[in-house]
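The same chain A turns up in both complexes below, where it pairs with chain B and then with chain C.
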Partner chain A sequence: MTSRQPTLKLKSQQLNTLINVIKQRGYTPVGPVVREGSLIYDRLNSADELPRGWTDEQDAATFRLKRRSDNAYFGYNVGQHSWKQFLFLPKVKLFTSIKKGKTFEVIPNSPHEIVQNYAFIGVRPCDLQAIKVQDLVFNNGQFTDPLYKTIRKKNFIAVVNCTQAGGTCFCVSMSSGPRAYRGFDLAMTEVLSGDDHFFTVEVGSKSGAEVMSEIPHDIADQTQIETADKLVERAARQMGRSMDVKDIKEILYANLENKSWDDVANRCLTCANCVMVCPTCFCSTVEDITDVTGEHAERWRRWDSCFTMDFAKVFGGNFRPSSKGRYRQWMTHKLATWIDQFGTSGCVGCGRCITWCPVRIDITEEMRTIRSGAR
Partner chain B sequence: MNSEVCIDPMIPLPARIQRVVWETDDTFTLLVEPKSENGKRFQFSPGQFNMLYAFGIGESAISISSDPLKQNAIAHTIHRLGFVTSELSRLRRGNFIGLRGPFGNGWPVDRVKGMDICIVAGGIGIAPLRPVLYSIFHNRKEYGRIFLLYGARTPLDLLYRVELEQWSKLSDINVLVTVDHSDSSWKGHIGVVTNLFSYITLNTLHTIAMVCGPEIMMKFTIRELQQRGIPLEQIYLSLERNMKCGIGLCGHCQFGPKFVCKDGPVFAYTQVSHFFEKREI
Partner chain C sequence: MAIKKPKVAVFKFASCDGCQLSILDAEDELLIIANAVDIAFFPEASRRMLKGPYDISFVEGSITTPHDVEYIREVRKMSRVLVTIGACATAGGIQALRNWKDIKEFTQIVYAKPEYISALDRSLPISSYVHVDFELQGCPINKYQFIEVMSAFLHRRRPNVSSHSVCIECKTKGNICVLVDKGIPCLGPVTHAGCGALCPSYQRGCYGCYGPMESPNTQSLSKHFIRLGLTGQDVMLAFRGFNAYAEAFRKESDAHEK
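Moving on to the complex of A and B:
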């Protein structure tokens, strides 16, 4: 957008209109919903399905949903899901191969058959940053992932800025929140004050402007904007955790043999939970299958993790057999080598890896330990 | 097959096996004819690799070991070790494999003209270096002295024996071969490949070293070269890692900040020296 759009005001009652307009424009809305006591991202048919009046209590190895005293639509942070599951599919067929005498035919799986026009509703600023990080991985360079690229091209993003911080959040340290500044179609901030319940809305794209033009709204006044800003500032002050990123790459590169890796390796179960919940982890593997006749074969790509035993295995040896080697790979990749590879940190401070680690390993604490014992 | 197929680097193209050459008991060379799509011929640089697909079984990253000027028979020397390479070893002339590639960066063959070249290979590490030798022989006058130091476990494990024989007879290349152990029928050198350095004199400032073999062998070779005064930036090596995609997306081949598949497999030693001797990087 060339000219700066004024901040808009959307009454909370119009949130459902927003979802309807998005649907009418051919998108499949996806957003946070409560399922089986947890917070996940799934198809949204109406604003009524949002976890209204719920909040989350998070700490290392702890996630619990609780009732709020108000009716906020977005009064929680992030669950174990991230948007990556819609962009970088957990499992996807790459091709089918059919035997034809001595040769075979390879039929690529067309991305166009799989792709949905997703509208993400309620993307937190840290997760928006995670999407930008994965854009650099999959859609910027000599080789791109055609499927990722196609889905992203058709993607609508409605951010909801954070007005409270979760127990494991540290987006302020990673400069990825609690407010989003660019890279969205719409960015909303939810305001509840007295009987007043509304969203301030920043328009970040042509699609965003088109959507808003179809929904009754006002121009936000200065007081409303300031109220929203204060709520976001409050979230920034509430961060449960922090990470000092000064010289982080150099410190990790210089401490590959630090003895604290042995300590964390003794605690780490190499279960890969942190990788599965991380919104930026991008490793994948492929699996080849055949039917019983042996004439029909397929190759599937699925998410993989550097914590699995055979991740770095070649026939004849394993380059990373120990849990120490694998934890160090994950953490130094996320916080250091990623910077050399893609010009950005692989960590967005969402805190998921801390919340979902079954043995309470906290990346902010591990980094602090390395830093304090750095040589 | 539609045109989209050859654009997507994750989709293998069928390639006919022209010939199978068994080099040793467990190592064989597949010569394949890649399909030329839209009149575009398969071209590669020495040191690049292909992903070879055994139908229904899987893929393996295999260095190209033939002459870059011979575009109709692309050679892949393969050690039969896992499921994919075992299946590939069962294929015969006229069968088809799937091929994706070529991937990765090759040896700096063109950039080092005028220099002496010292090639150090251990075991199957000679495979990605053979195209370097072919390229040099095509432009022999443009290079200085050429050394090939090659080590294998036993005389029976030596690859490309016919060519080794031919090359040793040439006056413009110094071929030295050693084996780790052997019986008395072997008249050549015995011991690790680094021992061979004592038989040659390197012109330190004018020598480019190209090294490929097991990491322990490369580690000691680099130390030897360093002790002989070869500047580290004149040393190149080719690394092996687990690879699923070949295009820097699957994450498996990471070596510190490098993706071995797309940033390598050939690296200037100075690009990776910070990580090279660390365990489990």
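Moving on to the complex of A and C:
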């Protein structure tokens, strides 16, 4: 949008109207919900399903959901799930092939059969940045993933700016939060003060403006805007982690033989959890399967990781057989070669790889170790 | 003239037959399989027993007696491709727990006439005695993986059997990590995929039924278990299950044995 839109104010009671309007406009709303005591992203039928009154405590290798003393709708940070699972599907059939005499017929899987019009509710600014990073990977003009492109095209994004930070958050270091500035349809900030519970809403697109036009709302006054701003500023001061990104690329390139890689390799499980939970990691593998008769074959694509042995296996051997080599590949790609490749860091500071590493490997700590012992 | 169907055999050594039952459990696919191949030798399923050679032999069970040693060498000679299935055949099985004990002492206690018992002092995987073309891990094996391996060998392609951690299966399914989210000790990070992350899908830690994954860092995971409050004895027992004698698990349990 060219002209700056005024910040709007949405009463908390209208949050469900927002979800209903989004549904009426043909979207499938997806957002945070609590299932079996865990925070996940799933289909959202109403605002009542949001994890209202819940918060999270996060540190390396621990995530715990806790009750809040208030009724905030978005009083937690990011869980294990990310929006990646809806945009870059974990497992997808690419085509089916059927034997026809001496030849065979290929039946492609049309993206349109798989694609849902997803409306993401409660996207955190770090995760919005992650989506932009994956846009550069999957839809960069030179290379296009048709499935990703189609899903993104039909995608509605309602950001919720962060008013508190988690124990493993470091979006401030990566300049990806706690506030989103562009690339959304709506960006909301939740304000709870006394009996007053509302959202300030910034409109970022035509679809966002259309949605808001169907919901009763006010124009936010200066005090309300400032209150919301202060909450976001508070989150910025609460970061559980930090990473110095000055000359990060040069430092990593100069330290490929730093002895700290051996130390992290001793701890690394090569389980690939960090990759799986990373909202920007984009690697996949392709598997061809046939049935017993050989009449029917399928090609599937599924998430893969630079931590698996098959990933770097080529004819004659594996060019990254050690866990040292594999961890170094992951971290150096994420923080350094990514910049050469896509013009941006692959890290958005969401902290997932720290929280969900089963053995507490912390990318910010590893980077600090390398920096402090840098040649 | 009908094309000659590939001859498939299923052999059993020291085992509980659970892997063979997994094959028989593939009910929706059995008729298709029976159409595509000649099930030439599968005593658990049929009394019809054709002589070798076989195009593919699947072998369940571990080697525990001198007779087993002779027989597996015969099986190898009769088989173009030999695929071992299950924790017994690939790692020695639950019965390999006796490898830490004196077998003679057991036979003395259990049998009235221990001299009738002819047993080797250790229960070992098939690959300790003969060349194995492919090992399908799991206790019991996953029937879909079995069909995948058979299809792959029949059509001369690489089986899609990933040897990475169970964690990737959990994450692909969207399971929330029980280790991080609930503090439940889980062997998933060091365990071979294949079960579809069955236990974590039901909020349980992984028991390691599918044996060690491709690059298991058992030591690092054990350290974390100790941090979570497990004792060395707990860790030893965690690794001493169905795949106790698989090298990575064996070494880790030994490291925690007092």
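Heads up, the rule we're going with is that the second predicted complex is superposed on the first by the 374 of 375 C-alpha atoms of A that agree within 3 Å, B and C clash if a C-alpha of one lies under 4 Å from a C-alpha of the other, contacts with A are read in each partner's own complex, and residues count from 1 in each chain.
The criterion applied here is as follows: a contact is a pair of C-beta atoms (placed from the backbone, for glycine too) under 8 Å apart; a residue touches a chain by one contact, two chains touch by 3 or more.
Computed from a predicted structure; not experimentally measured.
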{"item": "Contacts of A:Thr290 with chain B and chain C, given as first, second, both or neither", "value": "both"}
{"item": "Touching partner for A:Ala272 - first (chain B), second (chain C), both, neither", "value": "second"}
{"item": "Which of chain B and chain C A:Phe143 touches, first, second, both or neither", "value": "first"}
{"item": "Partner chain in contact with A:Thr369 - chain B first, chain C second, else both or neither", "value": "neither"}
{"item": "Which superposed partner A:Ala312 touches (first chain B, second chain C, both, neither)", "value": "first"}
{"item": "Contacts of A:His81 with chain B and chain C, given as first, second, both or neither", "value": "second"}
{"item": "Those residues of chain A which chain B touches in one complex and chain C touches in the other", "value": "288-290, 294, 310"}
{"item": "Partner chain B, residues of chain A touching it in the complex", "value": "94-95, 97, 99, 102-106, 108, 110, 137-138, 141-143, 145-146, 253, 256-257, 282-286, 288-290, 294, 297, 301, 304, 306, 310-316, 319-322, 324-326, 328-329, 333, 336-337, 340-341"}
{"item": "Partner chain A, residues of chain B touching it in the complex", "value": "1, 4-5, 8-14, 16, 55-59, 79, 81-82, 85, 94-96, 98, 240-242, 244-245, 247-252, 254, 256-257, 259, 262, 274-275, 278-281"}
{"item": "List of chain A residues in touch with chain C within their complex", "value": "36-40, 61-64, 79-81, 85, 90-91, 266-273, 276-277, 287-294, 302-303, 305, 307-310, 323, 355-356, 358-360"}
{"item": "Chain C residues within the chain A interface of the complex", "value": "29, 32-33, 35-37, 147-148, 150-152, 154-155, 157, 160, 162-165, 167-168, 171-174, 176-177, 179-183, 186, 188-190, 203, 213-217, 219-221, 223-224"}
